[in-house]
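These are the structures in question, set out in turn.
You will see two complexes here that share chain A, one where it goes with chain B and one where it goes with chain C.
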Partner chain A sequence: MKKEQMKVYQKQFSAFEATLNGASEGRVHQLRRDAMQRFVEQGFPAARDEDWRYTNLNPLTGTTFVPAFRPVADQSLRDQAAAQALPLTHAVTLLFVDGYFVPELSDLDAIPEGMTVRDLSAVIDEDPSLTDSVVTESGTLSRHPFTALNTAFTQQGISIHLRRGVIAEIPLRLLFHSTSGTQPHIAHPRIVVRLEERAECRIFEEYVADNSAVYFNNVVVDVHIAANAVLKHVRLQEESENAFHVSTVYAQIAQAGVYENHYFGLGASLLRSNLHGILQGEGAHCTMNGLFLPFGTQHMDHFTVIDHAVPRCTSHELYKGVLSDETRGVFTGRIIVRQDAQQTNAMQSNNNLLLSDTARVDTRPQLEIYADDVKCTHGATVGRISKEQLFYLLSRGINRQQAQNILTFAFAGELVSRIPDTTLSDLMHDRIHKRLEASWKTT
Partner chain B sequence: MLEIRNLHARVEGNEILKGINLRVNPGEIHAIMGPNGSGKSTLAGVLAGKDLYEVTEGEVLYRGRNLLEMDPDVRACEGVFMAFQYPVEIPGVSNTYFLKAALNAIRKYRGENEYDAVDFLSLVKDKMKLVEMDPSFLNRPVNDGFSGGEKKRNEILQMAVLDPVLSILDETDSGLDIDALRIVANGVNALHNEENAAIVVTHYQRLLNYIIPDFVHVLVDGRIAKSGDKELAFQLEEQGYDWAKDLHQPAPEAV
Partner chain C sequence: MSTDSRELEKLTGGDYKYGFVTDIEADTVPKGLSEDVIRMISAKKREPQWLLDWRLKAYSRWLKMTEPHWAFAHYPPIDYQDISYYSAPKTTDGPKSLDEVDPELLATYEKLGIPLKEQELLAGVAVDAVFDSVSVATTFKGKLNDLGIIFCSFSEAVQEHPELVRKYLGSVVPINDNFYAALNSAVFTDGSFVFIPKGVRCPMELSTYFRINSLGTGQFERTLIVADERASVSYLEGCTAPMRDENQLHAAVVELIALDDAQIKYSTVQNWYPGDKEGKGGIYNFVTKRGKCAGVNSKISWTQVETGSAITWKYPSCILQGDNSVGEFYSVAVTNNRQQADTGTKMIHIGKNTRSTIVSKGISAGQGQNTYRGLVKIMKNADGARNYSQCDSMLMGDRCGAHTFPYIENDNDTGQIEHEATTSRIGEDQIFYCNQRGINAEDAVNMIVNGFCKEVFRELPMEFAVEAQKLLGISLEGSVG
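Here is the complex of A and B:
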């Protein structure tokens, strides 16, 4: 590990501590210190680490980032973010700028009855029993130094809490906007979502940025779903083409609870997405849908884990990649079925479409099955646009670009139509179309 | 309208078309018959612009312009339409979306207004009546899971919507039951007028009872071995292609 890089982070941590004044005595800060120590001990993942073998982190570890400045809450910030974001009008938006939550520019008044949105450190100070939910990296995620780094620098996380039996009709949007600065900056957003029993809601997490801004978003989302609760979580990652994005979502699902994660990846020069679903109560269900469309030289690495810890849970995973130019895609789908987890039903597939000869994708299903009464299917494909289909469209007057886009959508559209909100689904459809069209103009 | 002169074409190094000459004028219907593997689909594919085929000699003029230089989508926009012998299935793309994209691409090329969803739907429903197709086919993915006959009808529906100048129907009658054959033939006849033309590839004289050709050509081993009027089709039906193969006459030019 590059020692100088570690020193930079340690220095930044000391400087950060100095800004905290009295707050550095609190419980939260002890968590930060422990996390920093873990991060220093582990360092960034090495190339020899199996879980990271297809992703070269040098561009990230070799860049010196400065901590992002806290933005001054000004209406223009919201306008800037809105200019980049999906024109979604029926959601309650919480705005984050350069990783900082900006309550003044968020629709706090419109938060539905039964839902509370609060500063995470305040919540932890009040209720120490929550500590566990904030330091999940000490458990399964112990091998994720990025999570430790996030915890160490967590300035102001957000806690979203939904009371027992509350069904929030209106979706909550978490809009992250990154601005361009003079120096590459780093942000560590931290979100904790807790649904009590039988609560239901939809959360739409969206990442946008000023064009060509250089920064590193190191996001951690902790999700806790109590018995019979349902969370539908849609994520759109449309970072700047020069950005680094590492996100870790860690979802624990109790008895008969449901967690759906729908991921759409369009942006970032280097992306690593870690997604962990832990089925902890009988009859729980987890869906992981993902669509990634890198262009140019983007690198997108998706690492997913579904852990069947108890009997009679179901999981359904579908990831699709559309790779053009000189892009690189990675999909790892690990399914763990523990010894107790009888009558598990797990389905996984990963299909990829290569649009150029220089694009590359690596796909690895990893099944670890320790129970015997289990239904587990998986499949992976890598294909190209069919010449016959392309010619059929051309022969009807449709030009090559449009024909390729139509066929790409024929491949990928399924994931867009599964978004559990029709307006959002339509907007996503348009956004992806635009992106496909733009990619033709540059080549 | 179409002038094919001494056309030679290869597939993966094998010469398939060995000097085709054919002239098609506006208002005409030409039938092409010939044994399996003689090059009928190859000829259709070359005219539509399929890049599998390599033209090694000869030329094709379409309305006075070099057809072979045009990209396949440009040919379609210029009014060339081929009904596929084996229509391609496109799962994930609805028939309506596909047809609307095609029609609007062609209209845009011609500098005409693009159709909106409402106008398009009324047009396409109208044309569906012509080929007696149920509107439920509109929402299904293109040809996906269609029966053989349904696929062929869908080709004629596309032809009806796109209103081409030169239609090339490659064995559109194969695999059709008697009723469907009549429906498809009626569709083709209804679309035919003095300004457009059709080349109909078929194995069966039967189709030509419905679509009356002005000329019948027999394609054997990459050449037109004989041309005549519709009586030639009866002769072929009775005597088989061996009879035509034995005619060692130079490839004639249709008048």
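Here is the complex of A and C:
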């Protein structure tokens, strides 16, 4: 990491401190300072870091970003975001512009009974007891420079809290819109989701942007699922083609809790998605599904960890990549089964389809197992469209373009159909379809 | 269940059967490593100047390298100055026939169950036995000579066929390849050399039994096998070592070269002293094995059964350079007590229509840690490359670990890669099923484990398959349950 770059971040941090007025003496701020310290010590990950070996961060570290400004709430912002986003009508939408939560433009009135949604900075100021789950990084897995950087600048973002036994019927949509500015900007949104016992909800996180805007979204999502609670989390990442996106999700799942993560990656020039599921209570379950469809010269790197810390938990992971043009896809999936985490059942699978001879994919499915009474499997495949299948369709009078579309969609569609919301699933279906057709045209 | 676990303990806790030290006068250089030691080794072996230069170059590279620690293994630091780099049984003249070989040496082999004579007569196997670092007996030489096959100790090859050695030595594993390969290149004492001339199919299995004997001596063999156009050979390597307390370093290098239409099959049974139940002692087995399919339609196949050593760290690899070449890797790795194994393979697809198969079976018992680490890489121009990998792990006991770290890198859209891995333990129901039918737990587990490893054992030559099953029986059978 170049020294000047570090200085830029340090300077931004000092400026940020100055805006806090008296609050810079509080405990929260001490945590921020520690995080900044950690970030400065670690620097950005280098290619020799095993977890980052397939991703070159130079385009990101070589760009100078300025902190995003808090936007002025104006209805036009919401319209702009809506124009880019999926036409979802049945969800409660919370709008974020350049990483900042804009309550004035969000459907706060429609938030279901039992759910509390608040601006994170307000929560931090009012309730110091919350800081542990909000600002301290969950577990030891997070010794991660990007998380440290996010923690250092924690202020943007929201806290979502669901009371015991509440089942929210209406999904909650977090719509992130990034605008184009004169200078590349950086945002550090942080989302904290806490579900009390037996609570259930669906959250749909969507990232959209103005065309060709240059910015860096460094997102951290903290998820805490109490016993028997269920969170279904769908994420659609459709950043601008010049954007940088690093997102890190830490989910801690208590006894018999369920966490589902469905990820769809379409945008960003450089993407890194970190996803950590920690099964902390017996009988907990974690699902990770992901589909990535890079385009042009996009680089998409997915790093997932499922940590079976206690006995009798299950996990299921399926990631698929469709790679066209000169794109690169990376998948790393690590399953850890701790000592004594007996009767674990973990399944992991990664399939990749290459549509062009200049696309490249690197995959590392990993099992790390310290208990014996377990069932763990992983599988990975890389290949292209089967000639036989193509021929079969051609011989039935379907033209090549169409046939390729059918086969590619058959491959990708599995993940769309797993979305736990039929309306959203239908919308996503169309979206993915369009995207795949476009990738075939360029290939 | 409790009977099973007692049975398990009894079986897995079995003492190392091959633990004995043969008392033979050995010619050992003082401990430590320096340029002088290398010059001394080279002088003792009456090596040509180019080889000495090559060794010194490797040594200077080695000095600049740092010991790698990325493997999934934990061990105390190795003091490279506390190792004696040369040890040869004292013989005035090289033995001309088996009768001249020190009877005690022969008895050692006898104890290992590989009597040379018997093998010569019955098995039809030519054996180049490495006792510590110098080959003491080579059989069937004449028969092989008639076909133009060169099968001799490495030092002999340096004297007799310097042009071949010079041409191929270090061509697959360069001297600066890795820390241990560099060390080996600097100090290797002996090993085997095989050359199969054009169009010759080697009529018998070539075999070397390595044995580490003198206390405090690391062994650094060098094996070089070259199969010329249309040649084919099957080579066996087997290892047992006597019991000792000191950790011993073993850093061998094996290089295989297959030219057009040639085939090499390399099989290993490794059963070195694994250390006692607390993990004290045992061999450190840090080996670099690599084969190059240099010619079109060539094939290299690795088969290994790893049951011994405190730490195993090896990745027999294939560089698939020639078009249509084939690489194979079949492995059974067993870790028991406190053994650690980090093993796997690399398949580098460079040529068009290259194919590779990986079948790896890991068995962990006690507190053993077993890691599969492999790389499948399809390069830009490797059109139509194909890989299939399967890595299965079996766990016995709740304190062992099984880890799988495959790396898959595909840079060509016509490449097709499949990787599959499973981890599980033998079901109690499977054992129960056998018990029900009057098969005791020991036999049941033996059957199940052997079934688990069948795909690999099938690849072994007949003689080895028997030994491998026996070995598995000693080190593991019954451990599941």
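The criterion applied here is as follows: the second predicted complex is superposed on the first by the 421 of 443 C-alpha atoms of A that agree within 3 Å, B and C clash if a C-alpha of one lies under 4 Å from a C-alpha of the other, contacts with A are read in each partner's own complex, and residues count from 1 in each chain.
To be clear about the criterion, a residue touches a chain if its C-beta (ideal position, glycine included) is under 8 Å from a C-beta of that chain, and two chains touch if they have at least 3 such contacts.
Keep in mind that this is a model prediction, so the values were computed, not measured.
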Which of chain B and chain C A:Ala359 touches, first, second, both or neither: second
Touched partner set for A:Ile406, first chain B, second chain C, both or neither: first
Partner chain(s) touched by A:Glu414 [first = chain B, second = chain C, both, neither]: first
Most chain A residues touched (candidates chain B, chain C): C
Touching partner for A:Met6 - first (chain B), second (chain C), both, neither: neither
Which superposed partner A:Ala73 touches (first chain B, second chain C, both, neither): neither
First, second, both or neither for A:Ser395, with chain B first and chain C second: first
Touching both chain B and chain C, residues of chain A: none
Footprint of chain B on chain A - complex, ascending: 386, 388-389, 391-400, 402-403, 406-407, 409-411, 413-414
Chain C-touching residues of chain A, taken from the complex the two chains share: 50, 339-340, 342, 352, 354-357, 359-384
Chain A partner contacts - residues on chain B that touch it in the complex: 48-51, 71-73, 75-77, 81-82, 84, 87-88, 90-93, 97-98, 101-103, 105-106, 109, 141-142, 158, 162
Complex contacts: residues of chain C adjacent to chain A: 70, 393, 395-425
